[in-house]
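Two complexes come next, and they have one chain in common, chain A, joined by chain B in the first and chain C in the second.
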Partner chain A sequence: MICALKRPLIYYLLIFLCFIPTPYLAPAGITAFIILMIMYMVMSESWNLLGGYLGDLSFGHAVFFGIGAYTVALLEHYGISNIQPFNILLAGISSMGLAALIGYPFLRLKGFYFAIGTLGLSEIFRLLFRNSDITLGPKGIMVPVPLPYTIYPYFYGILGIAIGSIFIIYLIENSKLGLAFLSIKDDIDAARMVGVRTTAYRILGFSLSAFFVGIVGGFFAYFNSYVHPDGVFSMLISFELILMVYFGGVGTFLGPLLGAAVVLFAEELGRVLIQQGYLLLLSIMLILTFVFMPSGVIGIFTRRESLINPFKRS
Partner chain B sequence: MVILEVRGLTKFFGGLQALDNVSFKINEGEIVGLIGPNGAGKTTLFNLITGFYSPTSGTIKFKDKDITGLSPQRICKMGIGRTFQTPRLFYSMTVFQNVKVGALFGGRGKLKAGADEWCLQILKMLGLYDKRDRNADKLTLAERRRLELARALATGPELLLLDETMAGLNPVETQEALEYIKQIRNMGITILMVEHVMKVIMSLSDRVIVISYGKKIAEGSPEEVSNDKKVIDAYLGTELVA
Partner chain C sequence: MMTTLLQLALNGVLEGAVYGLLALGLTLVFGVMRIMNISHGDFGIFGAYISYWFLVKFGVDPFISLTIIVPLLFLLGLLVQRVLISPAISDPSLQVQASVMITWGLALLISNGEIILWSPDYRSIIVPYSYVSFYLSGIVINLPRVLVLLSAVLITGFYVLFLRTKVGKAISACTQDREAAVLMGVNFNKLAGITFGISTATAAISGMLFALTHTLYPALGFQLNLKALTVMVFGGIGSMSGALIGGLVLGMAESIVSFFIGATYKDLVSFLLLVAILLTKPTGIRGKEFFLPR
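Presenting the complex of A and B:
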C-alpha cells in the first residue's frame, strides 16, 4: 500500500504552491473559500493520520478544533498574549496536551468504543464551554481584528500552516513511526508481540493528530474573529472530516486533500442551492461513499481494497 | 542450561480453569513439542508465557529472570518470539515491511542498526526474498506462515514459540516447513512448538510435553510419550470395563 504513496512529496507541496497567487487573482469571497478549504485539508489529513494509519476512528475531532480556537480567543480576550503565531502554536499545544491527557484512559478503548468515546468527549467540551463564565458561555468570544483589514495575512498564514503541517504528517507516515502506526492498525496483538509499544504509539498518534487540528482551530479564531461553543465544538466538523477522508480515500496521503476540496465545494454549492438542505446532501454523500466506494476516490483509481472497511467487525 | 522455567502455572477464566498447576523446564537449544487434545490449554499457555494474559498463580522464568506479568512488548525484547495459530500479519504492508517492523521494534541494539540487511538475510533464509515487495495479503497460506516466522525471527529471539505452524499445509509444504524449523534450530534458537501433525512432533522434538484439560499428564521423549497409557486415554478415550 505504502508503495503507491511513495511519490515524491514535492508533488503534494506543488499543489499548495499553486495556491500562492489566489488572493491576487480571485475575489475576496473565493479567497475566503480557499482558506476554508486549506483548513479542512490540514484537518482531514490529521484525522487520517489517526484514523487511516493508526486505525483509531475519532468521531469527535471537533473537540481539538474547539480547544485550539478557544485557546486563541481566551489568550486575546484576557490580554495574555497578542502575538498571533505564538498564540496559534499554543492552540496546537493545548489541543495536543488534552489529547495526551485523555489519551491514556481513552486508548484502552478500541474500534467503535473509541469512536463513541470521542463523540461524547466533544459534546462534553461543548457544554462545558457553553456554561462556563470564564469562556463567556453562550455569548462566545470576539477576537480582535488587526486594522486595516486585508485577507492577505490570513491566506498566507494558513498556506504556511498547511505546507508545514502536511510536510510533517508526510514525514511521520513514511518513517519508522508510520510503520508502527500501520502495524497497530493491522493487528494490535501481533504488533505487541514483535515489540511495538502500542499504547505509547497510540497516545503519540492521537496527540499529533490533535496538534494539527488545534493549530487550525487557533487560526480559525483569528480568521473568523469570533468563537462560539456551538460552532467550534460542532459535531458537524467531526463528521465533515470523516466524510472528507473516506470520500477521498482513507489511509492514503492524497485522499484526504482531495476529499476536503470536493466535499467542501459540494457543501458550499448545497448551501447556495438548497440552504439548510446541504446537511442532507452531506449525509447522502457519506452513505453513498461507504456503500459504493469504501476506499474512496483514490481507491477507485488504484483498485485496491479499503484499508479500513467500515462494515467489518473486528 | 535451562532457558525457560514454568512453575505451578494456573489460569482461571472466571470459573473455568484453563491451566492447572503446570510446571516444566526447557533447556537451551532444545526443540520441545507441546501436544494435547483441542481445548487442553496449549494456546493459553503460550499467551501466558508471552504476556498476553497474566497467570492466576505460578511463575515463569526466562533465563533466570522472572517475567511473570510483564507486557508482551517487554517479553519480546527480552528474547521470546511467537507465531500465532492463524497467521496474524500486517496485511496492509509488504513482506519486507512486515519483517522490518520486527527488527525495528523487537530487535535489540545491533539488529536495529543494520535492520534492512538483517531483514533481507532472514527473507532469503525462508525463501521469501523474491516476494519481498509483494503485499502480505497476496501470499499463500504456507508463505504467510513463513512470513510470520520471519517476522518473529527478525526480533532476534532466543526462544521461539510456534503455534501450529503446520496446520493447513499440504504434505510438500509440511516437509518444507520442517526443514525451515531445523534451520532455525541450527541458528541456536530454542523452540517450543504446539503441533497436531504427529509426524512433525515425532521427527523434530527432543522432548514432548502433553497436557489435557489444563493438566500436564506426561513428559518425555516422543517414544515414551506415544506409549504412555494416560496420553492414549486422553486422545482416544478410556476403555469401558464391563
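Presenting the complex of A and C:
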C-alpha cells in the first residue's frame, strides 16, 4: 500500500489540489470547462485501464457514458429516486452490469474485430434509445436542476468523483490485478499457461472501466440537465477518449490526464477558430500523434518504449 | 403483395450494389495491408462532392466528371498511404490501433474539411434524368438507380479483369501470403500504395453513385463507412465475392425492414447484422481461416 504511493500519484494529487479553489477564482464559463476536463480525465484514465493495461481497444466507450447518463435521467424522469449520489452510483453499477453482460460474447473477439464490434455497439444503443418510447426517443430527457442553482456542488461533486475513482484506478493498476492485466496484454496464451484466469480478468477489466465511465455519465446528466441519445451515445466521445489516451501516452498513469486537458483545450480552440468544422484540429492532432509519437507526450519525455504494445498477442 | 415484395427486393438490390462496391475497396485494402480503413466512406463522399461541384460550376455530368475524379482520388490515396499510413503501421504491434485511429482521423479531417468547404447543408446531385422512371407491371424503376446498378456491375467486372493482370496477381498473392509474395519479388510498398489508390478511386465512384440517388452531406461518409464495414465483415474480410453478396444482403434487409417495421430502424439493421455476424461467425460467410483475429 505504501509502496504504491509513488511519484505519479503525488503529481496527480497535486493537480487535483490545484483545482480546489477554481470556482471561487475563475468565471463560471471556465469553471464549466474545467468540470468537463475533469470528467474527461476520469474517462480517459478508465479507458486506459482497458486499452493500455488489458490491451482491449474499445471503440465504443460512449455506450457506457450514455447508459450512465440515461440511468440517472430515467430515474429522475420517472420519479423513482432523486438522491443524487445514489443515482450516480447506480449509473455506474448499471454500466458495469451492461459491460459484464456484453463482455462475455464480445471479449471472445480480439483486435480489429473487437474494435469494429464495439464501434457498432455504440451505434446500436444510440439508435435504440432514439427510437424507444420509454426513453422519450429523439426528444431527450430533461433532468431537474436543484434550485437555487450554483456551480459549486457540481464542481466539488466531480472533483470528489475524480479523486476517488482515479485513486482506485491507480491502485488497480499497481496491484496484483494490474500485473495480471499486463500479463494478458503481453501474451494471453502465456498468461493462461501460468494460471491467470484470462476471460474472467478481461471481463472484470471491461466492467471496471465501464463503471467509472458510467459514473461520469451519470454526473453529466445532472451537469448538463438534459440527455439526448445523439449527444451521450455519440461516437465522438469514444474518439476523444482514444485520442486523449494516445496523445498523452497509452499505458502510463499521467498520460491520459495530460491528454484530456490538451485535447479538450484544442477542441475549444477549434470551436472558437473554425466553428463548424471544429474537429479539423483534433483530426490533425490525431494523425500527427500516430505518425510521429505513437508513445505519446509522456513517451517522449521518458525516452523509453512506454507500454505501447496493447495488441501484441502473437 | 407479390409486386410489393418484388419492388422491395429490387430496391434492395439497387441499393445494395453501392454497399457492395464500397466494401470491395475496403476488403482489397484489408487483404493487402491488414488495415481497417475507417476513412473509406469519407473518400467516397469527397469524390461525390467534387462531382457535385463539377455539376454546379461547369454543368458537367457526374459520369463524365468521373474521368477526372478517379485519377485524382487514386493519386490522393497513393499519397495518403505513402505519407501517413505506411509510416504509422511500420511497427506491426501497433498496426491495429494505428491504422484504425489514423484512418478515423482522416475521416474526420475529410468530413470537417467538407463542412468548411461546402458547408454542412444537404445537397443533391440533380441531373436531367434524375426523375425519369419506368413502370413495369406495377414495379417502379428509377433510371438513376439502374445506372448505379449498371456501373456497379461494370466496375466489378473491371475488378475481376484487373485481378488477372500482373499487378492484380501481385495483390492476390499479397492477400494470401505477404512474405511469400515479397520473396517472389513483389515490391510491397509500391503495391500497397497502388492498392490504396485503387480503393479510394472505387470509393469515389461508389460515393458518386450513392449521391446520385440520395442527398449529400458531410457526415454521410462515416455512416456509409460503417455500412461498408458491416458488409465486409458479413461477407468475410478479404473476400471479394463475399463483399458483393454482403452488399446485396444488407440492401435487401434494409429495404424489407424499412417497409415492414419502419424506416427509423433501417440503420439499426446493419449494426445488428454486424454484431450478430461477429458473435456467431467472425470469419463471415465466405471468409478464410487466416483472417481470424490474432
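Convention: the second predicted complex is superposed on the first by the 300 of 314 C-alpha atoms of A that agree within 3 Å, B and C clash if a C-alpha of one lies under 4 Å from a C-alpha of the other, contacts with A are read in each partner's own complex, and residues count from 1 in each chain.
Convention: a residue touches a chain if its C-beta (ideal position, glycine included) is under 8 Å from a C-beta of that chain, and two chains touch if they have at least 3 such contacts.
Everything numeric here is computed off the predicted structure, so don't read it as measured data.
Asker: Under the stated touch criterion, which partner chain does A:L109 make contact with: chain B (first), chain C (second), both, or neither?
Answerer: second
Asker: Looking at A:T198 after the superposition, I want to know if it touches chain B, chain C, both of them or none. Which is it: first, second, both, neither?
Answerer: Only chain B; A:T198 stays clear of chain C.
Asker: What is the contact status of A:F239 with respect to chain B (first) and chain C (second): first, second, both, or neither?
Answerer: The answer is second: A:F239 touches chain C but not chain B.
Asker: Thinking of the overlay built on chain A, is A:A180 touched by chain B (first), by chain C (second), by both, or by neither?
Answerer: It touches chain B, and chain C stays clear.
Asker: Is A:D189 touching anything from chain B or chain C once the two structures are fitted on A? First, second, both or neither.
Answerer: first
Asker: So which one touches more of the residues on chain A, chain B or chain C?
Answerer: C
Asker: Of the partners chain B and chain C, which touch A:L119 in the superposed model: first, second, both, neither?
Answerer: second
Asker: First (chain B), second (chain C), both or neither: which does A:G251 touch?
Answerer: First partner only, chain B.
Asker: Across the two complexes, find the residues of chain A that touch chain B and also touch chain C.
Answerer: none
Asker: List the residues on chain A that touch chain C in their complex, please.
Answerer: 51, 57, 59, 105-106, 108-117, 119-121, 123-124, 127-128, 130-131, 235, 239, 242-243, 246, 274, 276-280, 282-284, 286-287, 290-291, 294, 308-314
Asker: What residues on chain B touch chain A, complex-wise?
Answerer: Touch residues, chain B against chain A: 50, 52, 71-73, 76-77, 81-82, 84, 88-94, 97, 100-102, 104-107, 133, 135, 151-152, 154-155.
Asker: Okay, in this complex, where on chain A does chain B touch?
Answerer: 1-3, 176, 179-180, 182-183, 185-187, 189-198, 251, 307
Asker: In their complex, what parts of chain C are in touch with chain A?
Answerer: Answer in residue numbers: 36, 84, 87-88, 91, 93-98, 100-102, 104-109, 111-113, 115-116, 119-120, 222, 226, 229-230, 233, 237, 264-265, 267-268, 271-272, 274-275, 278-279, 282, 293-294.
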